[in-house]
Amino acid sequence: MIPVDHYLLVAGLLFAIGVVGVLLRRNALIVLMSIELMLNAANLTLLAFGRARGDSNFQALAFLVVAVAAAEAAVGLAIVVGIFRNRHTTNLDELTLMKH
Amino acid sequence: MSFDSAQLALSLPLLVVAAGGLLVLLLEAFSGTPARDEHGGRSYLAVAALITLAIATYAAVGQWAEAETPKAIYGGMFAVDRFALFVDVVLFAGAALAVLLAGGFLRTHRFEFGEFYALVLLGTAGAVMLVHANDLVALFIGLETMSLAVYVLTGSWRRSARSSEAAMKYFLVGAFASALLVYGIALVYGTTGTTNLSSLGGLAKGTGGAVMQEPLFLIGSFLIIAGLAFKIAAVPFHMWAPDAYEGAPTPVTAFMAAAVKAAGFATIVRLFTVAYGRPSLTFGAGGWASICAVLAILTMSLGNLAALRQDNVKRMLAWSSIAHAGYILVGVVAMARAGDDARGPILYYLLAYTLTTAGSFGVVAWIGSRGDERQNVDDWAGLAARHPAAALAMTVLLLSLGGFPPTAGFFAKFYIFRVALSQPGLISLVLIAIANSLVSVFYYLRVVTAMYFREAHRPFAPVRASGMTAGLIIATVGTLALGLAPGWVIELASKATLLGK
Amino acid sequence: MAADYTPVLVALLFGVGFASLFLLAAATLGPRRDTAEKLAPFECGSEPVGSPNVRFSVKFYQVAILFLVFDIEAAFLYPWAVLFRKLSCTGELVGAVCASGVSFFGFAEMLVFLAVLIVALAYAWRKKAIGWG
Amino acid sequence: METDFPLYLIPLLPLAGAAINLLVGKRISRGGVAAIACTSVAMAAVLGWKAAWLLFQSEPSAILTARFFDGDWIHATESHGIGSLHIQAGLLLDRLSAVMVLVITTVGFLIHLYSTAYMEEDKNFNRYFGYLNLFTGAMLILVLGDSLPVTFVGWEGVGLCSYLLIGFWFDKEANAYAGRKAFIVNRVGDFGFLLGMFLIFSATSTLSYRDLASQQSVVALHHVWFAKASIATVAGLLLFVGATGKSAQLPLYVWLPDAMAGPTPVSALIHAATMVTAGVYMIARLHFLFEIDPFVLAVIASVGALTALFAATIGITQKPIKKILAYSTVSQLGFMFIGVGTKAYDAGVFHLVTHAFFKAGLFLGAGSIMHALSGEEDVTKMGGLRAKMPITRWTFLVYCLAIAGIFPFAGFFSKDAILAGAWSFDVAEMPEWPHWLGHAIYFVGLSAAFMTAFYMFRAYFLVFHGEFRGDHHTWDHAHESPPAMTLPLVVLAIGSAALGFLGMPEAFHKDWNLFEQWLVPANFAPMVGEEHASTEWALMAVATVVAGAGIFLAYRLYYRGISPTAVAIKDALPRLYKVVFNKYWVDEIYDSSVVRPLRSLAFVLWKGVDALFIDLILVRGSAFVVDLVGRGVRYLQSGDVQRYMAAVLLGTAAIIAVSANWVACTGAPFDVEQHGADVTVRAHGMPSGPAARPLEFSFDFGDGTPPVKQSTPTVRHHYDVHGRRRLTVNVLDPRWDIRSSDSRTVVIP
């Protein structure tokens, strides 16, 4: 059986990749995808721990996280569509109407 | 496992708001094309939302006596205690004010958005769940339900570029913060094997304490703290707030600044009290109290100094609401040692702050006309001459934000500082807080002097809507009443029990 | 060890069998009237020939988002199904048998869950988010 | 004394007037607005007199109390370390607050009456009266409050009204700077007041004046707070900071002269008669607290004396009439602080009362003059107005005589009482102050009194005597003011002339000091150090001579306008030489010995206090900080959402990094206690450290012995070798696997 540490490491890497994507990519959609990646990394951590502890309750929690992630994606996409209609761009650099 | 109606009854406030939200949603969808007349359009949706909130308030108040002994229901996930009920009522008040403000605002700016009321109710349902959450899972679900509704509300003004930009920023930072939060929950669960706040608190007592010294546990806890600090807009997790508050339709801003923040603070109080009851044991040194103290200093100082330079009244109020989060954090710091005694002042502050801030954003919503939101402080010049009652209301609300007696804002700060001063070593924190609140008066009075001492350079055409008028009157009178007779509220608040370990 | 996989084998056989059966039935029983539309390669409703950079209608996303959300909500039926026996029994289960009375708790719970989903569906339907017109 | 007297109506009446005038005043005629404003204050005055009459009929310690509503206003349950708090929204009328109420309502009514004519032309008539009424209500709450928080409500309220009324003609951008200055300075004062209040509460668990005066509270206030300072010392100094802000004392006086930008009746009411005396009232009210440490009293008296002298020197050099009066007010407030600081409370409060009359009169007179001269303020451009404005002139003369302290006008008695109190001020309990402090304060006050007489009569002669020095157009239009303005002038003049007899010195007759008999037995312990009658006579004589000298000097210099030589040539050629000689002689002496040093002193003080402390540090310093933070925010809050997310991430990382390193890094530093070759090392460790995963300490003594490893932070060691040894402590926080170390050299003999 694969030890739990390996899962955690993979999850940590995924999370880090997500964070880097969030901070560096300029396209709102890709940032959104990176955030989903972070959520999935968290989910993987959860499942890995749950499995290591033999605790099935946490599969339910993973379900919840997936559902929330889906809802978040839905809202996020709607917002991206909305901003594209208004501004004709999804580039985050250009969304600086409000500042200071 | 069987059906237990007693548990359902105990979660009645949540059920009422959620069901009301769904009902209003259906009502909106099946009501046909909106009547575009001048008299209210779809004011029955607002009425339905208000009735829902009234019933929910009634349910929450009805449980007050019973909740003196806290109960945990739904397998320990959902706490029913006076603390949560008090915050429920605060949330309902904030939501009701947002609903009252919305009608006139939506009509004036001609964006028909009947879902507004449903989303406010659903967001409130999320907030209620968050406040009652005695489990990290329930906390997460409540937080997300609330946040998703508010993201949509923020972007609901589809024609406004600012509104969609605000939604974008709020959403991205919010989703990022919740990803951190979920990761934190996963780490805490992984090290301790539980997500129940009471069980986490119990670990500290027993031999499980060693687990709470695991770096992974601590990192997880810090990630959770970061996720919640984002919600209350504590510096440096605050940067989304000025933009989101400025861009969102003003009634939504009122809801965000009042109810969302109140729910965030209630969660922080519950989390720290129940799960991390002994800060030094968990984090070493001052523990979370030190973290909160640093956040408090940064939050109030930066919030006030940045507010000083704003010419946009709405953005100025946004920065000011950041500063207020700093004052409440002083109360949270005091909670580390004063324990239960600090809870009453925090609750009082949340109530006072909700009324005041929702009211002041309400005046901002009121003053604008179609195509002209009049957010610059120059646009407020001469208001007192044309609309003395509104100028007086805004003055009262701003004085309350600035902490002048005898308004609610003064006592809110007074009680917080008093309990903080009772703890050794917090004197410097209180000094900084007092200095900050004295500085803050400067920018509040700037608006007052503009309203009273300058000439209007173009005519006013404010929103005329009975709901909005009612909302402003309620907020202003409430702010004054809380200041004139703070005794019974603080009395109630100090009796707020909290489900323990 | 190998015996553990027998159910998988059975499921596979059933799957392949049913698919073959229906294909065969369609080929032999159905009338064939070919049109240009029908002969064109099928790709989920989008134009199969043309520039790949064409902008898709936002309606695709709309439907996709709705599908995604409802799909994931449906996933909650699985844990519920697993627990259904336990939820339907007022007392303790003995093996798979409920010695005491029957409770409608589990059933009612799922009804509430589905009712919420139906409200959302009804809303989407009324807002014409599902149709293509 | 328990009666059902509706005390709460006294502040509520003006507040109701304010509400009506501010909310619906636009729809009422001007006459209606004025009637509402004046009647509400008049009714408050009638009630005040009635309440005072009730007190007069009762024993000295009688009080009237009332509450705005039943039940607690502020309420807090007991909590760790501090007791429960119950404060009612209560009012308290004793003989001290009765004096204040009478002054505020009576003088306030006269000024309201005067304003009806003075502000006739203003288009914001209703707002003006609304604020004036609001101010009166707030001021009455301030003096009637029965606890510090209630007083604080009034304190903030009057400050707010003052700020609003300074800016009443807020069109000029220059006024904005003055407003900002006033604001910042008053915030500093309020900061002191709030901190003092919190400190008092933390020691005594009460804030009501009657409870604070109780034995128990006074004992609690005696507790040492830090070093040698008791709570009473620190709290007293903090409250005094509050008083210096509100009452314009050094170094926070600078806002008052700028506040003259407001309408003149406002200057009369707020910046002369009432609000600025709030600090004096507060000290008199809490005298038992200030008396606990005489050090505080000496500070108050010294600051008062310095302010009195300093502001008077500036008053001499001013040209705008309102500025002269403003510095004069600062100076006279200094006298009041001398009074309360030398325990001559009755004298301080008495001077407050007489000053309210003659200074309000002076301001209203100045308003009358400016009204006649189309707003001209510069006294060097006036002259000869005695012919045109007889009532204003005669009343102005009365006020000048009163403020100069000429017998039998009111100022003579009150100033004399203060100077007598200073002369007999006993500093025996305070080894840190020189024993001649009282005498020094007396002489400083005396010099200030001399200058007061001089600059007031300088103004008087320049305005009313000699030739008119403005253009003839203005002169032709000059006229006496309408009755609504002259009537208050006359009433105030009668008060300024006669009020002094209420406080005749003991030297005249031991029972004639009615004011002292009214106030002292009720509110203050018996006066200490009463002087012999002969000393009192001498002091009075000296004061009169000094005041007369001031007036004489002003007469010689300014009676015939500013260029008397020309007048002298025209008058009598034969006496030319002598007159010119004498004149020049006086002028020269005056210029080189008085004006120049004073001017340079004033300049230095002005530079030091105003320019450096207030302007540079407070006003510009705060602007600099705000600007700096603004730039930072401008850079960070760039609108780029990814920066926002980066901030969230960095914040989280910082929390983790600091928390991880904190325990180890604070654990390593250590103290060494050495007895010969025996050392005890105490690492700071962490007393409430993580019990389950304790810190691991490793002590290396640098003498070749193996390091001692243990989980407690204290270790003893005996050195068998001599010389300099390097002592190192290593700390490991096992939770994070983070190490930290500290080392130092010990010398083994």
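Order of writing sets the chain letters: A, B, C and D. Residues in each chain are counted from 1.
Here is the rule we use: a contact is a pair of C-beta atoms (placed from the backbone, for glycine too) under 8 Å apart; a residue touches a chain by one contact, two chains touch by 3 or more.
The model shown is predicted, which means the values in this text are computed figures rather than measured ones.
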Give the chain pair, either B-C or A-D, that is connected by more C-beta contacts.
-> A-D
Would you identify the chain whose C-alpha centroid lies closest to the centroid of all protein C-alpha atoms displayed?
-> B
How big is the gap, in whole Å, between where the Cα atoms of chain C centre and where those of chain D centre?
-> 79
Euclidean distance of C-alpha centroids - chain A vs chain D, Å | 60
Cα centroid separation, chain B vs chain C, in Å, comes to 40
Whole-Å distance, chain A centre to chain B centre, using C-alpha means?
-> 26
What residues in chain A touch two or more of the other chains?
-> 22, 31, 71, 78, 92, 95, 97-100
Each of the following residues of chain B touches two or more other chains, namely 168-169, 172, 176, 180, 242-243, 309
In chain D, the residues touching two or more other chains are 633, 637, 639, 641, 645
Among all the chains shown, which pairs meet the touch rule set out at the top?
-> A-B, A-C, A-D, B-C, B-D
Over in the complex, which chain D residues touch chain B? Could you list them?
-> 22-24, 26, 68-69, 71-77, 79-82, 85, 89, 124, 127, 149, 152-153, 156, 160, 163-164, 167-168, 170-171, 179-180, 183-184, 187, 190-191, 194-195, 198, 201-202, 622, 625-626, 629-630, 633, 636-637, 639, 641, 643-645, 647-648, 650-652, 655-656, 659-660, 662-663, 666, 686, 688-693, 733-736
Of all residues in chain B, those that touch chain C in their complex | 1-3, 22, 25-26, 29-30
Chain A touches which residues of chain D in the complex?
-> 633-634, 637-642, 645-646, 649
Chain D partner, complex, touching residues on chain B are 168-169, 172-173, 176-177, 180, 207, 209-210, 212-215, 218-219, 222-223, 225-226, 229-230, 236-237, 239-240, 242-243, 280-281, 283-285, 290-291, 302, 305-306, 308-309, 337-339, 341-342, 344-345, 384-385, 388-389, 392, 399, 404-406, 411, 414-415, 417-419, 421-423, 430-431, 434-435, 438-439, 441-442, 445, 448-449, 452-454, 484-488, 490-491, 494
Chain A touches which residues of chain B in the complex?
-> 137, 140-141, 144, 148, 151-152, 155, 158-162, 164-169, 171-172, 175-176, 178-180, 182-183, 185-187, 189-190, 193, 195, 242-243, 246-247, 309, 315
